[in-house]
Amino acid sequence: MTVRLLAEAFDPWREIVRYQEEQPALAGKFGATTVFVGTLRDFNQGHAVQAMTLEHYAPMTGEHLERVAREASERWPIADLLVIHRYGELRPNDPIVCVAVWAEHREAAFAACRYLIDELKTRAPFWKQEQTRQGRRWVAPEPKVK
Amino acid sequence: MSITVRFFASVRERVGKQLEAIDCAGINNVADVWRQSARVPMPDNLLAAINMEYARIDQPVRDGDEVAFFPPVTGGAP
Amino acid sequence: MTVRLLAEAFDPWREIVRYQEEQPALAGKFGATTVFVGTLRDFNQGHAVQAMTLEHYAPMTGEHLERVAREASERWPIADLLVIHRYGELRPNDPIVCVAVWAEHREAAFAACRYLIDELKTRAPFWKQEQTRQGRRWVAPEPKVK
Amino acid sequence: MSITVRFFASVRERVGKQLEAIDCAGINNVADVWRQSARVPMPDNLLAAINMEYARIDQPVRDGDEVAFFPPVTGGAP
């Protein structure tokens, strides 16, 4: 179970391969892998987005990501999980966050992956500021669905 | 000793500072820290943390605590 | 929207990267990518699995995969999807199937990904035969949950 | 003309063949094809397809059709 905060751009697919290879105990033991990757779009709420800055509160952010990860691994029978979250300056098409879950069966893998992204979005202290042609603006949180 | 106060994101911009140490004299709870340090009206939806745990605005604050103020979080992805 | 049936082992993560790079129109337009990868475990129902053969019914199998993919892209607002399914001889730790969905938002990406794997499992004509120390045996279908 | 019959997986093994062309004389539906070609009792949970579309056992079969028999499918992943 690994949670990472990164200041630099990353390739989520390469990180997943690398992580999986670094866990030899996983080989042959998982039947299901689910992944969510969140990526910066070049438009949002009608505005062309040129860049985004992700502010966070270290080390509170890392601690809350770890807590969400622990909760997911306690609630569902999963073999391993990886969470990577960017902070700092991002450009459109840059990955923001990557969540990967390995489990014996897909039910737990899907449920844990969904829980991780939903919970980290609402609990980990990150704040997005978009740069558009109209200037910089803080992104408002999503309306709560649940 | 004193209380460390941090402001983040739009709250940081509104208050005009990101980090301050204030004397704990007369400070009982989170709202007192805001009044003493921010010196602007409390924004709607203000969130607070004491020692990196989410906290209510009426929660008690002790000497040596770190108190943070910030808007609703917007991490993750679309 | 692409569906592929492969006779040879494949690396799902590399295929996802390659596919994404081959769709320049996607760049900057998607905020959410969900992936499911199904992998052959080295044990199943109490038996050590040495190998598995996936039999299929070409071209019926491909047509039903295409149909499930079309349904997913009609039901949810998604930007693109990729389905890759192996057939033939597999070894433990070999990927069996990979489903990737690109969308603006994660709600549609998760729903379409889950739909794709659930539907292809129950509708695409594949049959698994496991090789264990006790010999070869046909895998029975999962009990229906829904 | 004739009817092409295919058997897959455990059904193929039980019947002992994978492909056969049978005369369409006396063939009205899927069950007739099974009786004419398989010559063993119909297994539980048998699935059938006509021209690569899933079909009921009483569905009509025409000259030139391809009829397939197979057990419940087990694709995908755990």
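Think of it as A, B, C and D in the order they're written, each chain with its own count starting at 1.
Note that contacts are C-beta pairs under 8 Å (C-beta built on N, C-alpha and C of every residue); 3 or more make two chains touch, one makes a residue touch a chain.
As the structure is a computational prediction, the values presented were derived from the model and not from experiment.
Visitor: Hey, how far is the Cα centre of chain C from the one of chain D, in Å?
Guide: 26
Visitor: Distance between chain B and chain C based on Cα centroids, please, to the nearest Å.
Guide: Taking the mean C-alpha position of each chain, the two centres sit 48 Å apart.
Visitor: Measure off the straight-line distance from the CA centroid of chain A to the CA centroid of chain C, and report it in whole Å.
Guide: Once rounded, the distance between the two centres reads 23 Å.
Visitor: Among the residues of chain D, which ones contact at least 2 other chains?
Guide: Residues 77-78 of chain D each touch two or more of the other chains.
Visitor: I need the residues of chain A touching at least two other chains; which ones are they?
Guide: Touching at least two other chains: 31-32, 36-39, 41, 104, 106, 117.
Visitor: Hey, how would you classify the chain contact layout here, line, ring, star, complete or other?
Guide: other
Visitor: Tell me, which pairs of chains are in touch?
Guide: Result for touching pairs of chains: A-B, A-C, A-D, B-C, C-D.
Visitor: Which residues, counting only chain C, touch chain D once they are in their complex?
Guide: Of all residues in chain C, those touching chain D are 36-39, 41, 54-57, 59-61, 63, 85, 96-97, 117-118, 120-129, 138-142.
Visitor: Under the definition above, what is the set of chain B residues touching chain A in their complex?
Guide: Residue positions touching the partner: 6, 8-10, 49, 52, 68, 70-78.
Visitor: Please name which positions on chain C make contact with chain B in the complex.
Guide: 31-32, 104-106
Visitor: Quick check: in the complex, which residue numbers of chain A touch chain C?
Guide: Against chain C, the touching part of chain A is residues 11, 13-14, 16-17, 27-43, 92-93, 104, 106-107, 109-110, 113-114, 117, 145.
Visitor: Name, in rising order, each residue of chain D that touches chain A in their complex.
Guide: Result: residues 77-78 of chain D touch chain A.
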